[in-house]
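Below: the structure, in structure tokens.
Note that the chains take the letters A, B and C in the order they are written out, and that residue 1 is the start of every chain.
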Amino acid sequence: MILELNEQQVMIRNMVREFAAREIAPGAAERDRKEEYPHEILKKMAELGILGAIIPAEYGGPGLDHVTYATIIEEISRACASTGVVTSVHNSLTAWPIIQYGTEEQKAKYLPILARGEKIGAFGGTEPDAGSDLGAMKSTAELKGDHYILNGTKTFITSGPKAGIIIAFAVTDREKGPKGISAFIIESDFKGYKVGSIFEKIGINASMTSELIFEDMEVPKENLLGKEGEGFKIALSTLDGGRIGIAAQAVGIAQAALEESVAYSKQRHQFGKPISSFQAIQWMIADMATRIEAARFLVMNAAYMKDQGKRFSKEAAMAKLYSAQTAVDATDKAIQIFGGYGYTREYPVERLYRDARITGIYEGTSEVMKMVISGSLLR
Amino acid sequence: MVFVFSDNEKIAIEMLAKAVEISRELGSKPSAVVLGRDGQEKARKLVAAGASVVYLAGQDMDEIKAEEGSEILHSICKEVDPPLIMIGSTKTGKEIAPRLASLLDAGLSTDSRKLYVRDGSIVTERIVYSGNGVATERFASKPAIVTVQAKTYDPLPPDDSRGGEIVTKDIAPREYGSKILKVESMVSEGANVEDAQIIVSCGRGFKSSQDLKLIEDLAKSLKGYTLGCSRPIAADLKWLSEDHWIGLSGHKVKPKLYVACGISGQIQHVAGMRDSGIIVAINKDENAPIFKVVDYGIVGDLYTVIPKLVQAINEKA
Amino acid sequence: MNIVVCAKQVVDVGEIKVNPSTGKPVLEGIPKKISDIDKNAAEEAIRIKEKLKGKVTVITVGSEDARERIKEILAMGADDAVLIVPPEGADYHVISNLIAKAIKDMGQVDLVLCGEASIDMFSGQMGPRIAGAMDIPQLSYAFKIDAEAEKITAERNMGDKRVVSESTYPVLLTVTKEINVPRLPSLMQILGSAAKPIKVLKAPDMNVPDLAPKVVLEDVKGLAMNRKNLIFKDDLDQAVKDLAENLSKDGALG
């Protein structure tokens, strides 16, 4: 396990931090309010190789390790959690399964497009009646000649209305249960692909979230990802990695809340003193900082295990569980420190508070994380 | 012979006061160099300001090019062998001085604010780390070279009866690959912050250029009509021309009263105004660094404070 | 076009704290970075290379740990770097002669770019000293540059004057912060910078005869600010009255 970034990782973090400060942070509040997808930012991120962070060099990306990747997701999310989740889904849930399970043809076709940001990635796993329980999936895929015909509805899809390449799952053999699920690489211009309703959410409002509807959608046979029946395995291993991204996003949100709180508490005066001189505030700040540090180490540990090719499901689950709790706790404390101002839209902490809440829900709820952790211990 | 040179006559005269003083300690004489046209007339003023000898050179030059200026000074120094050379810290002075130092294999300390002789060595002090420290530097070379900003020394009262020698040097510099194509005045609103006695300055705390009327009102009530600003206002937003810009890369000022409105007080700005008589700041952020360097401060929104302050001052006056 | 950029690793002056008991600035533990204006010079050098082709070499003088910072400029697009380790107590005289010698030893160099000054010391000596030591023309305080194959034109901020100068090559230019916004390197460039060569030169091996400083730094003290430091707040009506009263007493109201 490593606890310190090397010089190159520091350089990368500093670059992304500078980029986030210059390009992402300034419009974050406005994008949130207008529910405006960060198109232009994603384009610039692609130019700098941030958007396709984990895509290997031979496919046009920088091929970052997951420790560095988690670091940059944290930096992006510290400025804008919506941009953070879009980046995480683009990498962990779209590029990664193609890198890991794709054929050479699939990699050569799709990874450069993702690296250049010509199309944004999404992940179609969840269905209206199959969230944490992926095995209850209703979508079907039937092979007819050269094409699979997909039918079904996916929901809560991050970047849904904007995505161009989607990793989607459907049942190819109902008899086999979870082993009858298969994974597909979908393009948004396939016939029968439709964006369903777009959700109004509490937070991460600049990341658009929608349903995706497949109506007799024709998917070329060669777009099957992995083998028939491998879908469930692909989904689980992909989500393990995705959790590192979401955990890093949560740490970024919490870090932003801490920094805002430190600055505000030194500036805000009550009873003739800055509120930072009151123990009530000092203790909140100390708790926030300690939990954030611990959360960050859990994230780095999970990312390191993944880079080492070791099993990391439990570590990723711990990282996500704890980071999500930390983000919710830290943003809650931040609002408390800001008092009445924290409850207004004048100050940024209310957005952090709203953004934090989702991190304990998507890509596996906190309850599912506890199932994964306890499962690995009580097996 | 202690040597003084500046393309800015006022700084040359101010430096001569110090040269007169330090020459006594060094057992030397104060002298000056004038480059460019109208040398005779300038030389007489420098004699009146204390120079025993004034060298005139490069009398056909309209503009002083650093390469030529330093070559001419080098050539005079070779002959005169000064222990100390003082050069005015204008942009021209600052591009000549290091090149001259290089030609003479000499030490140079820029923007020297104190200069004295200790145990036979020339010692100088200058501000470093953007105003966080003062470095004391001792010269181990002859000559010692310093550059000096405007208003560092008070000039001697001019004495037209003072005698002094004016020597014309005929030094033709070599040919260089560079040439000056065009010289024009910087876009300027004619502000002269360096000579102003009262300056009211604005910074990022202002939301739009229209709001600068607030500091105009304040300046009027203070009976000083010189506006200053921090870097972003001149360099980035361009609400005021660069002749208003006060700071490390802008102008350095020394008014009797300096009022900073909506300026956070980055060290680069403070470096340009720290020698002011009385410093006042208005800022809504109580932790703004500007409050550490002021005589008086008001914590509050400048949009509220300034109109009230104008009224309070008008009532006093 | 062979271009050299001089870049200095400095402490981040914005992060310097003053020790309250000694009043001296504390430099230990302050993060280091490439001096801002040197990055502007590097950006300009890389733009010129992109226009006219050629090579950009970055030279820095400092301790071995400057190696990591200098990679930032390699990542931006410089091709290689030279790190000169100076003798103890080196001053501008020594350092400029070391740089000039390193440049001479590189063979044909057409253009040398420096920041107008470093943000820590703000002396502004290095550029003109190097030009003097190399005996080449200098155009200082450039805020706009137009480099062509045979000549270079610079618009220069000379205080109250804007001076347009041109020069043939070789020439040295110093630039101001206004000249550009330095680019952020891409992740691919950052990773690629690891493979770019950094040559380390030790001063005693460089055959520079005079390595004795001409200026000895004796001490850095804190800057005492003897100010009254009366801060008025909360009741703004009272605050402006108090301020006006004090200014009046000080005779500042004319």
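By our rule, a residue touches a chain if its C-beta (ideal position, glycine included) is under 8 Å from a C-beta of that chain, and two chains touch if they have at least 3 such contacts.
Everything numeric here is computed off the predicted structure, so don't read it as measured data.
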Chain pair showing more contacts of the two, A-C and B-C: B-C
When you take the mean of every protein CA atom shown, which chain's own CA mean is nearest to it? C
Using mean CA coordinates as chain centres, what's the gap between chain A and chain B in Å? 55
Any idea how many Å lie between the Cα centroids of chain A and chain C? 40
Taking the mean of the C-alpha atoms as each chain's centre, how many Å separate chain B from chain C? 21
Give the residues of chain C that touch two or more other chains, as numbers and ranges in rising order. 233
In chain B, the residues touching two or more other chains are 286
Touching two or more other chains - residues of chain A: 269
What residues of chain C sit close enough to touch chain A in their complex? 68, 71-72, 75, 184-188, 190-191, 194, 233
Residues of chain C touching chain B in their complex? 11, 13-14, 16, 18, 24-25, 27, 91-93, 96, 116, 119-133, 136-141, 153, 157-171, 176-178, 210, 212-223, 225, 227-234, 236-237, 239-241, 243-248, 250, 252-254
For the chain A and chain B complex, residues of the former touching the latter: 266-267, 269, 274
Any idea which chain A residues touch chain C in the complex? 7-8, 11-12, 15, 18-19, 22, 47-50, 53, 57, 61-64, 269
Residue numbers of chain B touching chain C in their complex, please. 63, 66-67, 70, 90-92, 94-103, 105-111, 123, 127-141, 176-186, 188, 198, 222-223, 235, 242-243, 248-249, 256-257, 266-267, 274, 277-280, 286, 291-300, 304-305, 308-309, 311-313, 315-317
